[in-house]
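Naming follows writing order (A, B, C, D, E and F), and every chain is counted from residue 1.
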């Protein structure tokens, strides 16, 4: 439990809080990238190099950009007049607090039985590759199919229906 | 004038050749940007109010007048000769053809004759002007396409040589003020003609160089082919003239139609475009440069000796008979006409310039609608205007 | 407190924040952001369990996280595509306003 | 094949790049303050007043006829005619400009004043380094600043000046003949301004 | 002796760090290298600006800057002083914090990429196992700062420029990744040092650089195209598109912040050239075995400079594409070509040593290129034209 | 190419009651023109454009001319003057005298169109139209629907001369800004007093400068009194 962990945890939580609380939608998206970055660094802190870089590449390089693009395309960066929170915000907050309470209780309650620090595993990219092609070939294929269909789906969803418009 | 004035568009009378309306596809608002007057590619003070849907142009309204100085009013207050240097400042890239058009109009009004040698000199200078205008216009066009100025610099390198010739003969590089009613101001010495022959001999090499650099370039083709199409019917109806008209496939070259000066002595062809787009305008200018070079070669070979000024011509203080005249020439940018009314006084009663640049801009919106913002500057560049002439 | 507890607590916090965001914000895109945060907290859990688990060399948790990242990207793309489509249709991304099944 | 034109273009620029080091033909730049192009005889920048002899005031050819003032398109010349007459270079009494100002901030170097001058008194200079930091008045040249000697004129426009001189001597000879003739016939009109043909232009 | 020269920087670092207590040594070593990188590449940037301006000048038959210092070599100093002393204008309606952060983040993200580039034998800041992935992760984060710049300026031109830039960078990032994957397939590693090592072998004195294989050449061309687009250089400089968008996303930047953007762009160009050099041009290895004695870092930097010169050359020649053409080019031409190249690479690997793989792979790539070029030109309705004359 | 008389005859045959009149031109250019009746101008223009033989498809130039009111002195044969004139003498009915009188001839604004044919390559055919006066009745039919080329040129005429073209699709000022009031190309236009100091030696300029600075010192009180001050804010855009 190092000093680095506290800093990264604070960064992540602050980023995600800002992402949820800020008024300006673009600021939310930018705060979200801070949260993603914090998470990626936490992954690195957990010796998951590959996952960490993948996190940066995918989340900061793609998802965050997608989010800001969506915000711009939907002209969502202007703050709406009648507040940014939903009518049922109190209910939502209560539910979230309850969930956190339960999770926190569960984690702290089982803290005793959780394993302690072990030696850092040496994981090379090669190992990951071998594992992907070997043991995890089926999930890999499924994810590949999923990604392809998601891509096609996203394209179809976002595509202009030109014939209809004209 | 903001774009709100465009709402009137629906009330426009039927039957006229109006720009086809492009409807935004309904999502989101239009992005309205004012391109100019401080925009890198509007050649001085010019503004286009553009409404964009995404990057597609929905409306485009040119706004003129930033350089307006009422040249015509000034000319009504001074004598016929006094307007000659002002014509230099119309289309300041080609002052000599402006001189020529004005001299031609006054000669029509007064019925003066021009000596043969002066006619030859006029043709030589006019065609040199055409070459340097087309070269720099191509340079600017490609510059607008983002080519970091290389073609422009090559064009200017060649233009420099031509301007040196102008300076050597007329005393000024751009504001030549050379032609007079009934001839030319000074005679060209033999040394100048030799220098001109040398420059003209180098011009085909330059055109070849630009050809190799650009004509086959895939990026240029992709950017310009099919962009800014101007159908011939519209071009004729909208009074478009010059290389732009010929790029729209209309065979109309005033040098061939009016036979003004001595153009019927020279052997040259009129290139025509079949696709009516920006690439055609580029290519027509390229091909016209080659034709101009051929005219230059012929003229420099045949130029006779003799006076350059009509002996009867008066420089100042002449009073033409009451009447009017419209004289026009094929300037590099299109039909440049001067319309003069004389009331018998020493000043013109009415002096009107028919500016090809302004009238060619009539169809700017038609060509731009539905294309990209990036194409707007390209189409605008392919019209080849000079603001000095548009706003006068 | 073991280090793992810390990671798990952070993950739980992230999850709750994401949940709160998803439940309280009006803007559809911000709801998506909340969901992304929840997914990420799960990833953090996976990695943390892999790291402190008994068999880190078997890579299970990490693999799971990597797959999850890939899937989450796809989810984001489709989700945002939907939001844009809704916006195109209803001219708003306000979820309180988009409460009809019929357009 | 796709890319052919691009490769051709690249070859062309490479050729120019290499060529710029070897051929002076390609490099048109003149590095101005250090390098200068040879003076061009036909060049015209701003007008100046020619005087004969050594003293600008007595040798000035201008007789303040004010034609150039009238013809100047941008109206940048301002002349005040003198009340009295002074003998000119050949000793004939003439009016002279009491004031002759040219605002070269307004002047557009069109040379029309030169063309209309019947006395060969105003000519175009080739000097162009006239910038000044005095915005108000620094570009307003008066009589003295405008006066340049005929030798200077010969220096900058040798061919033209030779023609002008020939014409002047011819004119003077004619005028002299006329005045002597007039003197012989006993008429006393020698003081009149000799009228030369007004064509002026060269 | 030559060995020492080759390793001179490494030895120097060891020597300097040696003065410190052992605990601090690794950290100090890294810090030292970071400082060197932070000083070296901006210096290279300064050199490049003057090189670019002079080169462009010569291409355009001009002289280029020659007034500050001998041959204008001190021009960047003058430029630097100018941009530092210029007023820093923040538009009134701009989002000041984001407006400030954008150039800073860009430069930071770009600098990170240098961490994994091997600039000579044993000269790499962090020899990471997933080095290539790290490089791309850092490259991906530059897009965000571009977006931030465009959005925070509250200027329509800026926003349009940023949207263009981001769309372009994302599209070409895919190409960049895909063309690099071919190298990873052959070398079997994501570590850039290993990739260089794999190319540092010679047959008959000739190196085993990947560019000298059909798939490598094709990959390199794709990589170069994508790199040009990724760094927003001409002919893909349309985010900046000065003729239509004034200056794209840095329209509203002035003074030092603009200089930072400028620096960031050039640094991105260096890092991506460095990556291209590493992946396809054998990194720091010598082009001929008999030149092996020349210090490795000299090779790396000369290759880097060479690719920068190519960037300048391209800029001096080509007009820019239009947005939709750019995207079409990325998705309909380059990306399919890279995918095909991946298959060809696999084929190359399985065909084993021998002349057949050269013939097959080259033929496939060549045919595909010609055919796709044809199709592309035809579907875009472009091509050379003939003109008629009125009689 | 038909002569101007033939064109006139052709027009009159095609558009009955067109009221075309030939305006001769004494200058050596010999470009005579046709004056159209504004009420029939549109049909005539259409005929000229669409007629197979004339095919004047190209309107090259359109411009305005201002003919201000002018005082003419003319000899009139006077018969039985009904009212007194200023210098007239009352006379008995039958007598006819010739006397010199001054009379203000009402001015008008005129538009001139130069037509050419691109198809047949002939021209020019000059058309002109007159407004009734220069002040309130300044409407003329727009020929833009026939020739697009007139679009900007008619806007310019509207801007600089103040001729209102009915049926013009987009009649706005072209060169001057929208807030500008006057029409600068009219011959009685007076320059606005927007003088900036220039070190020009000219008397009239200096006088203007003096007048201007004097006006400034009185601070706006006399702003309306300066001739031509009827123009609103330079920066009115």
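Definition applied: a residue touches a chain if its C-beta (ideal position, glycine included) is under 8 Å from a C-beta of that chain, and two chains touch if they have at least 3 such contacts.
Small disclaimer: the values here were computed from a predicted structure and weren't measured.
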Among all chain pairs, the one with the most C-beta contacts: A-C
Centrality ranking, top chain (CA atoms only): B
Length of the line joining the C-alpha centres of subunit B and subunit D, rounded to whole Å: 31
Where subunit B and subunit C are represented by their mean Cα positions, the distance between them in whole Å: 62
Subunit B and subunit E, separation of their C-alpha mean positions in angstrom: 43
Computed distance of Cα centres, subunit D from subunit C, in Å: 83
Junction residues of subunit B - those touching two or more other chains: 150, 154, 157, 213, 215-221
Numbers and ranges of subunit E residues touching at least 2 other chains: 59-62, 316-318, 377
Residue numbers on subunit B that touch subunit D, as the complex places them: 78-79, 81-86, 88-89, 150, 154, 156-157, 160-161, 167-172, 175, 177, 180, 185-186, 209, 212-221, 309, 314-316
Complex contact set, residues of subunit E against subunit D: 55, 58-63, 66, 313-314, 316-318, 369-370, 372-374, 376-377
Subunit B-facing residues of subunit D, complex: 2-6, 8-9, 11-13, 16, 26, 28, 40, 42-44, 67, 71-73, 108-112, 115-116, 124, 198-202
Subunit A residues touching subunit E - in the complex, by the definition given at the top: 26-27, 30, 33, 49-50, 53-54, 56-57, 60-62, 64-65, 68-69, 72, 77, 124-126
Touching residues (chain side subunit E, partner subunit A) in the complex: 98, 128-130, 133-134, 136-141, 143-144, 147-148, 151, 159, 163, 166, 170, 173, 188-191
